[in-house]
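The letters A, B, C and D name the chains in turn, as written, and every chain counts its residues from 1.
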Amino acid sequence: MRLIHCHFNFRSSPSCLPKTAKIVGNWQVLPIGLHPQAVEKCQTAYTFATGEEMALLLKTRDRFAHKGIFGHALIAGGSKGKMGAMVLAARSCMRSGVGLLSVQVPASGNDILQISIPEAMTIPDEGENIITSIQIAQKIDAVGIGCGMGTSPETAQALHQLLQSCDKPMVIDADALNILAQHPEWMKLIPANSILTPHPAEFDRLAGKSASGYEQLEKARAFAITHKVTVVLKGAYTAVINTAGEVSFNSTGNPGMATAGSGDTLTGILVALQAQGYSAFDAARLGVFLHGMAGDIAARTLAFEGITAGEIIAHLGVAFNELKNCISHKNSLI
Amino acid sequence: MRLIHCHFNFRSSPSCLPKTAKIVGNWQVLPIGLHPQAVEKCQTAYTFATGEEMALLLKTRDRFAHKGIFGHALIAGGSKGKMGAMVLAARSCMRSGVGLLSVQVPASGNDILQISIPEAMTIPDEGENIITSIQIAQKIDAVGIGCGMGTSPETAQALHQLLQSCDKPMVIDADALNILAQHPEWMKLIPANSILTPHPAEFDRLAGKSASGYEQLEKARAFAITHKVTVVLKGAYTAVINTAGEVSFNSTGNPGMATAGSGDTLTGILVALQAQGYSAFDAARLGVFLHGMAGDIAARTLAFEGITAGEIIAHLGVAFNELKNCISHKNSLI
Amino acid sequence: MRLIHCHFNFRSSPSCLPKTAKIVGNWQVLPIGLHPQAVEKCQTAYTFATGEEMALLLKTRDRFAHKGIFGHALIAGGSKGKMGAMVLAARSCMRSGVGLLSVQVPASGNDILQISIPEAMTIPDEGENIITSIQIAQKIDAVGIGCGMGTSPETAQALHQLLQSCDKPMVIDADALNILAQHPEWMKLIPANSILTPHPAEFDRLAGKSASGYEQLEKARAFAITHKVTVVLKGAYTAVINTAGEVSFNSTGNPGMATAGSGDTLTGILVALQAQGYSAFDAARLGVFLHGMAGDIAARTLAFEGITAGEIIAHLGVAFNELKNCISHKNSLI
Amino acid sequence: MRLIHCHFNFRSSPSCLPKTAKIVGNWQVLPIGLHPQAVEKCQTAYTFATGEEMALLLKTRDRFAHKGIFGHALIAGGSKGKMGAMVLAARSCMRSGVGLLSVQVPASGNDILQISIPEAMTIPDEGENIITSIQIAQKIDAVGIGCGMGTSPETAQALHQLLQSCDKPMVIDADALNILAQHPEWMKLIPANSILTPHPAEFDRLAGKSASGYEQLEKARAFAITHKVTVVLKGAYTAVINTAGEVSFNSTGNPGMATAGSGDTLTGILVALQAQGYSAFDAARLGVFLHGMAGDIAARTLAFEGITAGEIIAHLGVAFNELKNCISHKNSLI
């Protein structure tokens, strides 16, 4: 949905941004009788993701499909005491339609992963408690990097080496973003079709402090254009920004999702979608939407307080199902 | 709800206390036509927690909230053979709305925790099988201490050190209470806004034997005033006592909750609420109420015998949801 | 329900025994108009356990009950490769109303148990892969012994030592029965109020081969009288035999329960009931009935093939609930 | 159901094969009024498995059955990083009606299996990270081999040794097939009543590349006849081929099942059915049908993307139940 109103005076009424939203209060998007063609003609960099639009992005599955078609994802990360982040990312990846998943963790995390997510294969790192080297031995279609990884020098080197040697689409999250903030010269090594998923504090580290949410959003647009990456700037209305600087605000999710591991769960979803051949912008918009939908479904029975990252994962399948039902009769005939 | 009757002759009719309740039999609280203002004016130290009163204590969640707002809790404890107590406390904490959770366990418990509760970060103690030192390296908003911890001298020292160095609200439970009973001089180190959660035998160790439940209750009131702590004196009608000596009897729960780990589960809930900024008295009243409610919901399908601590945790989200529905139409308009 | 027909010609029509049941085919128990007093007067050693009779055995739970009232059980057993038997026994014990549970396993099994059943405390044996010594350090109310334990000489010695030093009611199962078969002189050490749970092959080892199911049943009655133990002779209609030689045939269960670990699950239930103060005969009749009921409930959704020991455990709480509903209006007024 | 149409012009209309199916589009099997006897007389090597036909293959369970009757299965496999394949195979085996299950894994996988599937007994291999020797010490009724096993020389030798020493029906899957492709001379050692479960790429390794799906199917028929094995050639319509070259196309399943571990799950089902005494062809047809049905049931709530191997396993019991309901009134009277 095109945010025309935002186009004209987004700065004075940024209902999707935290600082000013309090003044706006609750709002809904309603038709005001504009002619559809007028809406289409109106140029705006801002859209608001609706269920039907997101559902139309979903690829259909051929009856004769096999595992190879849905891709082989690699997720690398974890460190002593933070292996759970990898468990969550791996579980959400498996529940988002990927064909195969390999997970690289420090050696001391191997059994934790094998016990927690038997569907994934593990690659124990030579480092006992941290990631020290990421080698891609086999055919991989997408890479997730950063969850619970820490920022030790060896791990930073492993990230550098990965960026130099791998040209597959990546999801770069958490500590991988913090390492990038310390090594801005590595930005140019990021493969095409990659996604960065900073929360506001992580984005500040990448691009410098902003005086307001609006300034940060504009910085993120410039950042996405400059570095040719898709940026997922997390928030109540997560902004997904493509390499042309176009912004899609997400419309799902709730404050119960501000819980430990929620971001790791999103990383798993995004890399699963990339491995299935979605473009970075489609993967990011769809993934963010489904992540929020799963949280919204969980909230129906568990309240905001009862939502955990594990419960978001547990409701992902139902979210895919409900999303498919968002397609209106008109479009389902197409 | 104000217990006026209790105010006038609580001693002769303590329907919330075990020894005399048998004589009273089953009872219900019914309106007897007193004028609301008359009830308000009547002074009493005893109240009976109703669902609607507890629901009104719940903080609402802002759409733009993030993990930081819901706090970072630390739970420390466990020992060889009793790591499960920490698993239960960590799981219930995550299901009670906390933003982030770190768990410190003896080194041999690290993987047990990582496998059992991936949403929590772990901090392995230098002690292989017991807690020997609790250092708070990062920003923490509340601390839970004592579950399955044992009372070895090294662990007692770790508790002493923690009390000396940390000024955050704490939930002090189980073996931490037993250590305090051996070192009454450490009581003065307990930070403001902390909660102690003794069952009757643990309270006897802290404050000496009582001849009756009523005497114990009065001792607990004096104890709470003297030591400026909120006391959760566990029982069929758990008494939550604030630093002014006011008592709120809990009205939820059932005898199926007299099961291993039930107390650890309560500790996790309380520290989660403290980390979210609830005062000690509000956290204690709400947490005890929700804990009992989760057990009551579990009992609907599992009978008393089938309730385990894990099932209490599994029903916590639904309890939050049902509690929110306790708000009457009148109050929801406020 | 008194099996009068069985009393008169049980041998010629043993519908509860495998070899002859095929000739009998399906059968039901129906009233044939006998006067209740006539039925009462008629002496028979055989009864058929009905839901209502079993429900009347259930103890009610006092609102003011605490963990101590429901007892502290100890289950010892397990060996390298068979720790799962202990996991299943511990899980079913926790779901059958016990207050506290300690589990002793070989040292290499400690973490397996801690991860699998956090509600239980563990006591690692000094033996790495087998049980070598069972010391009862604290107050224990009932002991379960034998699941997955093996029959090595050190383990046999540990059983001998336990029988010599502990006078609490025991559930003796599986390899503990096989060890007893090799050391019949230890039978006299079995504490009062204990239960032995052999399947037919295990009972043959204890008491010698029988030519028929009927002969085995009569041998089991003599065995129970001689050794003053309650015998649970497992089968399609498990026979629970008290120390007076009276037989209660169980009426629940299905062939889907002939699955690995089903017996370990029963052991956990029985020791939980003993710890709560049920007599051996009541614990055995109730436990066998509930175990079968849980399997029957599981079969409603999972078919016989889909039942696992874990699914029996998962349905135990519902079985307790359904059993309570078996009490007719007449009896519920008593 | 006899595929007469396929018989006459299967080559020109192979709606069950990937390359040509796209041209055919969606299709259903409908009665066209042929006389049943005419259909019976018509000779065809191709049948299409319907629910009712599969349901009639199911063995009924005698009330007096015990664990021994349902067999003792052994599954061997796994390697460092791929122990999860064994977890999945073991779990699905236990949920498919087997009496007892032993699982042999490399030593480093022992605890992973014990924690993940307590119903199974484990046999740790002497190899730390790979299988090096498979000894069958006790009575075993069926063997599953290959899941996550790798193809190292020691493991290949272990397979060779197993084939030489064991005459029980086997399910040979995954890396065991890849080893066989390297050692075609071992094919003659495969015991009678065994099942091979290649996906198309694995079958190419066994029998050489095929120019089309139809050619591959014909090669597989020849292969099954020559080597006297039942072949499960996996695909959208999995072809189950018996030792006479007869083909039963499976009619269940969906593209959500093209997910990691789906094949391991099938192996577990097949070996469970073999252990229960099903012939290789019946086990293969029933197992493939139930596997697909479980996936179809999972898809109702989870969408294709949300299906994991674990979810297929979780729905197996319900699949058995639904399959039993496929028997029409007419046949249920037989």
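Here is the rule we go by: contacts are C-beta pairs under 8 Å (C-beta built on N, C-alpha and C of every residue); 3 or more make two chains touch, one makes a residue touch a chain.
Not measured: the values here are computed from a predicted model.
**Q** Same residues or different residues where chain A meets chain D? The copies count as same if more than half of the interface numbers are shared.
**A** Both copies, chain A as well as chain D, present different residues to each other, with under half of the numbers appearing on both sides.
**Q** For the two copies chain A and chain B, what is the rotation angle that overlays their Cα atoms, in steps of 5 degrees?
**A** Resulting rotation angle: about 90 degrees.
**Q** Provide the C-alpha centroid distance between chain A and chain D, rounded to the nearest whole angstrom.
**A** 37
**Q** Just the number, please: Cα centre separation of chain A and chain C in whole Å.
**A** For chain A versus chain C, the centre distance works out to 52 Å.
**Q** At least two partner chains per residue is the criterion; list those residues in chain A.
**A** 111, 115
**Q** Applying that definition of touch, give me each pair of chains that meets it.
**A** Contact pairs between chains: A-B, A-D, B-C, C-D.
**Q** Which of the residues in chain D come into contact with chain A in the complex?
**A** Residue positions touching the partner: 18, 21-22, 80-85, 87-88, 108-109, 111-112, 115-116, 148, 199-200, 235-236, 254-256, 258-262, 301-311.
**Q** Flag every residue of chain C that touches chain B in the complex, lowest number first.
**A** These residues of chain C touch chain B: 61-67, 69-70, 94-101, 110-111, 114-115, 117-124, 272, 316-318, 320-321, 324.
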